[in-house]
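Labels for the chains are A, B, C and D, by order of writing; each one numbers its residues from 1.
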Amino acid sequence: MSALLVVEDVVKRFGGVAAVDGVSFTLDAGQVLGLIGPNGSGKTTLLGVLAGTHDPTSGKVTLDGRTASGRGAHRAVSAGIARTFQTTRLFGTWTLREALRLAHGERRGRPGWPDEQIANLLGLGDALDRPGASLTSAAQRLAMIALALATGPRVLLLDEPAVGMDGTEAAALAAAVRRAAGELGVAVVVVDHNMQFLMPLADTVLVMAAGAVLASGTPAQIRSDEAVIASYLGEA
Amino acid sequence: MSQVLVNGVFLGCLFAVVAVGLTLVYGVMEVPNFAHAGVIVLSAYTTWSASAAGLPFALAALAGIACGALVSVLTEVLAYRWIIDRPAAAPAVALGLMLILQNVALRLYGGEGRSLDTPYDRVLLRLGGVSLSGVKAALVVLAVVSLLALHLLLSRTSLGRAMRAVAQDREAAAILGIPMRRQYALAFLIAGVLGGVAAIAYAPTFQVSPYMADEVLLSAFVVVVLGGLGSVWGAVAGGLVLGVVEGLGSAYLSPAYQSAFGFLLLVSILVLRPGGLRSTNARRVA
Amino acid sequence: MRSRSAAALVAAAVLTATTACGSPSGSPDSDVVKVGAILSLSGIYATLGPAQKNALQMGVEELNRTGFTVGGRKRTLEISYADDRSDAATTGVTALRELVQSQKVPVIAYGLGSDTYVPQLQRQPVPMVNMLDSSYPGILGLSDHLFLTRGASPTYVPGCLYYAKRKLGTTSISVITAKGEPYGEGLTQLVTKSAQAEGVRIAANSEFPLSSTDYSNAISAAVAAKPDAVYLSSVTAVILPVLKQLRQSGYTGPVIHSAGVNPNQAKAILGAQYDSIMKDNYDCAGTLPTTSQDPAAQAFAKDYQQRYDEYPQDLTMWAHDFPFIVAAAMTKADTVSDPAKIEQALKEIDVPQGTVSGWLPGDGGRLFTDRNARTASEVTAWCPGQDTLRSAMVFDVKDDAVVDPTFPQETCG
Amino acid sequence: MRAHVTALGGAVGLSVLAYLLLTGLSGDQGQVALLVVVWTIALIGLNLIQGLGGYPNLAHAAFFGGGAYLSAVLLDTGLPMTVAALLAVAGVMAAGLVVALVFSRTRGQYFAIGTMFFTAVATLVFTNAADLTGGPNGRPVALGYSLEATVVLLAASVGVGLALFHWASVSRFGDRLRAIRADEDLAQHVGVPTSRVKLLAMVCSAGAAAWAGVLFGQYNGVVAPSQFTFGQSFLMFVALGLGGAGRLLGPAVGAAVVIGLTQLLTLGPGVSQIVLGVLFILVTLLAPEGVLGGVSALARRVRAARTGRADRSVRGEGAVA
């Protein structure tokens, strides 16, 4: 069986600078990929290319054999790739229920959980009818994930989802992501600096430096990789 | 041909002086200051009534510039200051101010055009086959002098450097302890002075009327987008480019569509760079 | 709930607003007869409207001193003035509807915007008497309800070229036109035609958009052709700023136009230098009250100048005569309220008593021939240092050619 | 369901009110009624792109004028009125499509400036293409509909327009536009095809403006460039904001307030405009959600206070008005 998501030699330049410089990897359904690396190493830009936020300068991303990159964010969503952002973004004064309904409406027949179930999964059951802006910042981050899940994704891209969460909250989030991956078969890419959160969650880890892949492997392999320790983990 | 170019440069100087005032305000406050048209109109009328009352032209002109500066600062203190956190509200407030200022002029001075006389009305400069009336030459000189003065202010004084810092990054400037309110007022003060200069420089060629600045303002907005919102030298260069383009288009294609040539320029820029030229000239003054 | 209360709110607001300013409408047969006047009291043509209003006021007062008799009763006239703000299509049409629908006036005097009134006239006909618009092609073809109390451009433009050629020695002329301004565009057509007839070469034909404030391209094109004279095609408020920039550009030759510029306007629009700017200026249009040979016109000119401290333009005498024309038509029609009958009567009346314009009567002594009443034409020249104009040539035009020209002595004041 | 019934009731009610005002008033007052109704129709369109979508569209006066001029020009070629009207609306919608495509990637103030210049150019064309447009002083419009038919169409258009807007507003189209208004990037990332939605909103918006223009021309009998300047675009933009952007009745309230102020306040030249300017600023500063937003906020507060005292439960309310 071929992989669900195939990333082939993706390059993204801004002006003359290559933010992502030839990244390739594959990801299967239900798998969680951790993406780590120092600030400015190109993680968020890579997520952007996967999610259609940016067009790749070269290379391509295929989902189930079909090209998914370079066609804009909404087409990426309709192909089944959804993302969250580093900064919390919800629709201002909208209630979570309204926002989920909109995202759900764009699902176009792809399978997925009902909105209530998504909210419950992320512990947001009580927050459904409250305006997004009135939630705590941790809840807002979860709400953003709920929104992404409501589009019925096959690939979920999370950009620093655990920022500002304490240990318990992060563990609950990790459990929720695991369930989504396991029960819905969603492939997940998680960018985070919080190793206590990320390492137990990820099936494989990809380390980026200066736009390129420095190393990849299981969390255990990465933890012992000297190059990674020297360039990144050691400083952390 | 050279005559057309000279006319283009004259228009360009006019656009530049008005556009620099707009872009300065945009740079520090992100406000599309339509009220600038009203500032120009009130300056011109002040000069006109002072000189009609018998004041020598130079004094009347100073009075006009002072009035422009005062009105401009008032628009900031009374209106723009209160929407600093809501950029979406800026266009409505700007339009409201423009309506108020223009109609105050209409109320005070009536709708018919007035003629502003200058001591250099009948001067005519000739150089080869090119001629330039004294009024237009004076505008070019005033534009160059005031823009140079502005350049010195921005680059050589601490006030100017502070203003550039604010335009660069508002939050960072506030953290550095730059008094923001003073900077806002200062930007409007400078814009008002430049508006006053524009008014006294071009009112003598045209007419003093409540709507005298409408077309110039539109062209100046093209210039501001052309040069990058917030960029002073962009506005100067953009002004000259637009002046020459409009001058050429008007002379060789159709004078009726003079301003349309500027708009075409603007549209092509917005199509190529939806964020204006700002994406390269990120908010900066000077 | 909310939409319903909001709907009520809108309704209430609109109703209060619209009923707040109810206007009384005249009863159909009162002793005070109300007629309408739509004038350009403000805006770009504000050089015209206020003078017309002054003159109308004088005419009404003179008429009402004796009054006029309709249906056996003594009547006086009252004019309801409306300002079209020099924008007939927007404000003027609204004013017309207000006058016709709400105030129910049976006849209306007006100045500009004839074509824009035509659809409304189709819906609700009322005779409209134009006291100003001589543009070419003429306004009378637009609607049967329009009347014109002045000679149209073709009755005076040939005189411009006739005079320029013979008295100024002009063999070539540059024309500068306000594009989009119908009066000016018509003048340019006529000047071109007359120049051809007189054997005067058109050195250059340049134009500027009406809304523009910088005329340098049009002016340099006109001057570069080195003409003997420059003709400026449009109305006073439009051509005077052009004239100023023309003189600033260094042109010193003669300037001809048909705008009816008077000294007050020259001073107001041109500023302190007006006298030197106006030097060598020639204006060909209808006869002026001040330079007219007609004693009634001269007396009116004197009264007007005394009362308003303003030089009377040609259009003031036509405006002055409007109340007398209306009174005569109502008397003849024997109604003060039926627009159709009054319209018919206008076509049949003779030159009324009390008028001062020196009307040239048509067949059978009728005032209007083909809904047009006219006076003689005249070329006037600016008198430097004296704030006044002198008559340079009085003439009439038949078949596009100048006839019966007379040349008064070339003296000012 | 309740929401639909009240919205439809409001639409029918306003239609009837429009008819009564147009037939009951004459002269100056009739002109005010005409302008309020015409602006309401045009602003219902603007309420899609600007009200729901949050795009400050300053091309609306150009579309409005485009409908008026185009129908007048087409009528002169001898086409039947209804054909001329439909072609004019279609032509303007095509222009709207072009404008939307050209400025599709610009946002916020850049979109405002870009569309403002579109209107400025349109005004230049209205002013200078004198053979077709009659030049700066305007042109008469051949009367294709009788006055009675025009009045009925005007009144009906208000109701139909409001009903269509309500339907669009509660449909997914409305949600998508509101999402674009709230956060366009996020909207894209939950799958909203933002470009397509904006194009559709802009084209529908232009169509409503053009239809309003056609009817305005038929009623007024004359059109002129001064009626379709970027200043008018601005007034429309502000009128919608004043009434309540995105709210069903925002257009009607905004049109009534702005037209009422500009036409009815005869405080001497200029003064009504000064009052208007002060009002813009005050409403922008004090009631960012417009008059209707202010009213409903006030109503909420009053109701909250009352239920607090009497301990009654608050009834659910529709998301309209």
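Quick note on the criterion: a residue touches a chain if its C-beta (ideal position, glycine included) is under 8 Å from a C-beta of that chain, and two chains touch if they have at least 3 such contacts.
To keep track of the chains, here are their UniProt names: A = Branched-chain amino acid transport ATP-binding protein LivG.
Everything quoted here is computed from the prediction, not taken from an experiment.
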Given chain B and chain D, the chains that contact each of them: C
Chain with minimal offset from the mean of all protein Cα atoms: D
Pair of chains joined by the greatest number of C-beta pairs in contact: C-D
Chain A and chain C: spacing of chain centres that average the CA atoms, whole Å: 76
CA centroid of chain A to CA centroid of chain B, Å: 48
Separation of mean Cα positions, chain D and chain A [Å, integer]: 42
Interface hub residues of chain C, defined as touching at least two other chains: 42, 179-180, 209, 211
Touching two or more other chains - residue numbers and ranges from chain B: 111, 256
Chain-level touch network, classified as line, ring, star, complete or other: other
Contacting chain pairs - touch in the sense defined above: A-D, B-C, B-D, C-D
In the complex with chain B, residue positions of chain D that touch it: 56, 102-103, 105-110, 112-114, 116-118, 120-121, 124, 127-128, 230, 234, 237-238, 241, 268-271, 273-274, 276-281, 284-285, 288
Contact footprint of chain D on chain B as seen in their complex: 30, 32, 79, 82-83, 86-93, 95-100, 102-104, 106-107, 111, 210, 218, 221-222, 225, 229, 254, 256-257, 259-260, 263, 266-267, 270-271, 274-276
List of chain B residues in touch with chain C within their complex: 3-4, 7, 10-11, 110-117, 121-122, 124, 126, 131, 133-136, 205-207, 212, 215, 247, 250-251, 255-256, 258
Complex contact set, residues of chain C against chain D: 1-7, 9-11, 13-15, 17-23, 42, 87-90, 93-94, 97-103, 112-113, 115-120, 122-123, 179-182, 185, 209-211
Chain B contact footprint on chain C (complex, rising order): 42-43, 46-47, 179-180, 207-209, 211-214, 216-218, 220, 237, 241, 244-245, 247-250, 268-273, 276
